[in-house]
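In what follows, a single structure is set out as structure tokens and then discussed.
Just so it is clear, A, B, C and D label the chains in written order, and each chain counts residues from 1 on its own.
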Amino acid sequence: MCGVPREAGVKKLNDGKSSKSAGKTRVSKRTAADTQTIADLVAANRILYAQSVLDGYGHVSARHDLHPNRFWLSRSMAPGLVTADDIMEFDLDGNAVDARGRSVFLERFIHSEIYKARPDVMAVVHTHSPGVIPFTVSQVMLRPVFHNAAFLAAGAPVWDIRKEFGETDMLVRNPAIGKGLALALGDKSVVLMRGHGDVVVGPSVKVAVFRAYYTDANARLQSQAIALGGEVNYLTAVEGAKADTINLQVVDRVWNLWKMRVTAAPPK
Amino acid sequence: MCGVPREAGVKKLNDGKSSKSAGKTRVSKRTAADTQTIADLVAANRILYAQSVLDGYGHVSARHDLHPNRFWLSRSMAPGLVTADDIMEFDLDGNAVDARGRSVFLERFIHSEIYKARPDVMAVVHTHSPGVIPFTVSQVMLRPVFHNAAFLAAGAPVWDIRKEFGETDMLVRNPAIGKGLALALGDKSVVLMRGHGDVVVGPSVKVAVFRAYYTDANARLQSQAIALGGEVNYLTAVEGAKADTINLQVVDRVWNLWKMRVTAAPPK
Amino acid sequence: MCGVPREAGVKKLNDGKSSKSAGKTRVSKRTAADTQTIADLVAANRILYAQSVLDGYGHVSARHDLHPNRFWLSRSMAPGLVTADDIMEFDLDGNAVDARGRSVFLERFIHSEIYKARPDVMAVVHTHSPGVIPFTVSQVMLRPVFHNAAFLAAGAPVWDIRKEFGETDMLVRNPAIGKGLALALGDKSVVLMRGHGDVVVGPSVKVAVFRAYYTDANARLQSQAIALGGEVNYLTAVEGAKADTINLQVVDRVWNLWKMRVTAAPPK
Amino acid sequence: MCGVPREAGVKKLNDGKSSKSAGKTRVSKRTAADTQTIADLVAANRILYAQSVLDGYGHVSARHDLHPNRFWLSRSMAPGLVTADDIMEFDLDGNAVDARGRSVFLERFIHSEIYKARPDVMAVVHTHSPGVIPFTVSQVMLRPVFHNAAFLAAGAPVWDIRKEFGETDMLVRNPAIGKGLALALGDKSVVLMRGHGDVVVGPSVKVAVFRAYYTDANARLQSQAIALGGEVNYLTAVEGAKADTINLQVVDRVWNLWKMRVTAAPPK
């Protein structure tokens, strides 16, 4: 639940100061590297939809290769339908640099504030993935049950918007809330959003997609392991760190499979 | 389990008084707005089948745009196969205005009585959706675990046909039972039917479909959250009300995705 | 796990007496009604595979329309691939009347003995359906949680082959075991087979398929209802009997949908 | 998570001694039997992916028909995309006999060490199958709940890499770890790998695939049976042994179905 028609949302949310800064910005030139990143971003949208990590909502962004203060994110639309033409450029205040009438996600501040806080992050995924949501409203912490989700060994905190912002519409609808979320993420790869979903980050689009997928997969597996009863033998912090290192080297294997599947035929 | 062949059911169920009133009615003229509503209604049937909210049973209706005492509902058939030609017009006593030999749903009184009782309702969905049914026979109440299902924060009562009508065949087979169901719905968006399914209403076909889908999704997520053990941190009433308002503004995003999927190819 | 290559199984299992009686039989002539029954039987195999009630194993039979001591059953093969040419005719001792070299199911005695014991039964489905199997090894009885599975209100006993036959390979591999199973079924519509699957019967192929599907669906829903904790409000015996009557009148609705799906394209 | 690019992994892992022995080996000639085995191996990869037993990771191997000290395994890639050209030949030290620049699975020692320890094994499957993983981190043992998984009656031990090798990256990345795993497997058909997945072996590719599929299916069913509460009535050791014997005779039935499905159209 992460966007509003431009008419309803952008004008109200782009306050005067932001509008001014937006007026001064220009769309950055696209290099060959940018074209590749945008192609990856389009694939990421389609893959996460095909894998049921995203449904009609949720979004994926990538930091600009050359301009670290810019990022790419689709216009407000269902991820499963995104094409390269739908990718827009934003600054780190969440302003669209070149809107051309396209509507924007209300929750673009998830992305802008994380890019501000985490220079190492090159891609951000926001999902309502069904495996994860139960953990956002539970006292049970998400922990790694298998090596594919080794990145969870570093921790996956639950951020409750109500703690700092009271009873809201649950959305990350301004920079202040986005900053709160980024703070909760800290130096981790995943932060759960209570009653909402999660945010997963990575050093590349591929890795962020890999982590979003395996966060959901691990959540389902952990739920099943808990349901069996008795103690669950999670990966240790050391095992997690070691396994995550090797995971990063083999992401292409599953990425290539996923990409082939979404590019073989148009989305349906 | 919501219809009977016309031969078996309509004659018996259309008592004398109803037949007379049916004799006096005429099919209302279809305007451009009607054509759009009917197109949405056909899409709604196909979407809810494609999303496994409906299987071979269940039905969706829409109130007539210009004649609030009329509504549209398909003839008695599997929702996944409905076309515009299958849409019939009914009055609020559940009489088919223009049957032309087509069989009608035995449970059309779900729709007629809710339209009578709730002038704000423009669309009604009746499902046996698998996520929801366990909650219809449980003491555990359905409550919102994520913002997409914020409308549940207002409550989703369980109606037990046995309380008022004794041991029946479980079907809403006459206006009196329909009225009892409408009373249980009250001013809510969802009412659960014990041992049967649910009814979901909305101010438009799109919103009713959205709510039917996310009622089922939320039920599954709540089941998983409960299975983890410990307290579940549900949305508060205020959060629910606020999130529901914003949800209504972004329904088109997922509707467009769903509609594209069911219109890209004929149903299979 | 219900068949063996003809070489391995038939010779051994067709004892002298059966072979003799088989020698005397002739394939009955096929009438138009037979052709329809066989078409339904082929559709039933494909439907139950498409709906994941059957996987590579399990089988479906229909009693001969004119010769109540004969029934039709496919040769030993995966149900999802069955065509009319694969349908064989058997007598009530489980002998293939016209084998023509085709291999037969080792467990054909499930069918023959039930047709012997239950003159009202016109179709038999044997499945390993995943929703049901947990109930075959549990002390929890399968009971109806929704009206589509109303037929379960009459009871769905668990038959444990070990009680009468000791530690076997779990298969209904001869008439004596088949008779024991038929006895456990009694006058019910469903009998569960411990550590194996179930058998579902009906007054027609359509109804048997309907019941096999909703037995599995109900089992899944009951499991979920139990997992929520607290008492489950099952259909009463009277409600079950009444709802089952109406169910039988609307089976065509879902049958037509299912049949369209499996005949629209060849099985894959 | 079972492979690395050749650059990253092979050189480091192919120590001097192994390299020398690799230098002396030649690719064995392929006979008609080999061609059939390789075709089965390709089908096995695709089938296990289509059945969701494998995702983008995991691998399947077959022992060479004529040279029991050799085995076939695809290059490091997603199983769902494997073709005959991707099949490489390895010796029992895990050296690629004819790499031709193709990258190899880091975890090929799973295969080599099991072929060394178990002369009866002709095929090995390594999966991260979602039904099984919860049992790898649980105190609850995987046991047979239905006859299709009768092979589990002999036991399915859990191997914890940490016991012998401390806190690792969880991978079977050298012969010593592979030997430890093979020891844990013993004379069984299945060994579970804590926090990782499982290994399933058989006397042929078909049987290993059958067992990998039904290990996963059984795990899901057992989880559901446990969730119902109360005692679970598992197959006894004798029942398991008897049922496994008959299972081996009917593997072709489901194999033919699965193979048809993956060869009807190219993988997507």
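One rule holds in what follows: contacts are C-beta pairs under 8 Å (C-beta built on N, C-alpha and C of every residue); 3 or more make two chains touch, one makes a residue touch a chain.
Remember, it's a predicted structure, so these values are computed and weren't measured experimentally.
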Chain of greatest Cα-centre distance to chain C: A
Rotation in the CA alignment of chain B with chain C, degrees, nearest 5: 90
Proportion of interface numbers common to chain C and chain D (over half same, under half different): different
Rounded Å distance between chain A and chain D, as computed from the means of their C-alpha atoms: 34
Rounded Å distance, chain A centre to chain C centre (Cα mean): 48
Chain C, residues touching no fewer than two other chains: 227
Chain contact topology (line, ring, star, complete or other): ring
All chain pairs that touch each other: A-B, A-D, B-C, C-D
Residues of chain B that touch chain C when the two form their complex: 1-5, 8, 55-57, 76-78, 80-81, 106, 128, 130, 133-140, 160, 162, 167-171, 194-197, 223, 226-227, 268
Residues on chain D engaged by chain C in the complex (per definition of touch): 144-148, 150, 217, 220-221, 224-225, 227-236, 238-239, 242-243, 245-247, 249-250, 252-258, 260-261, 264-265
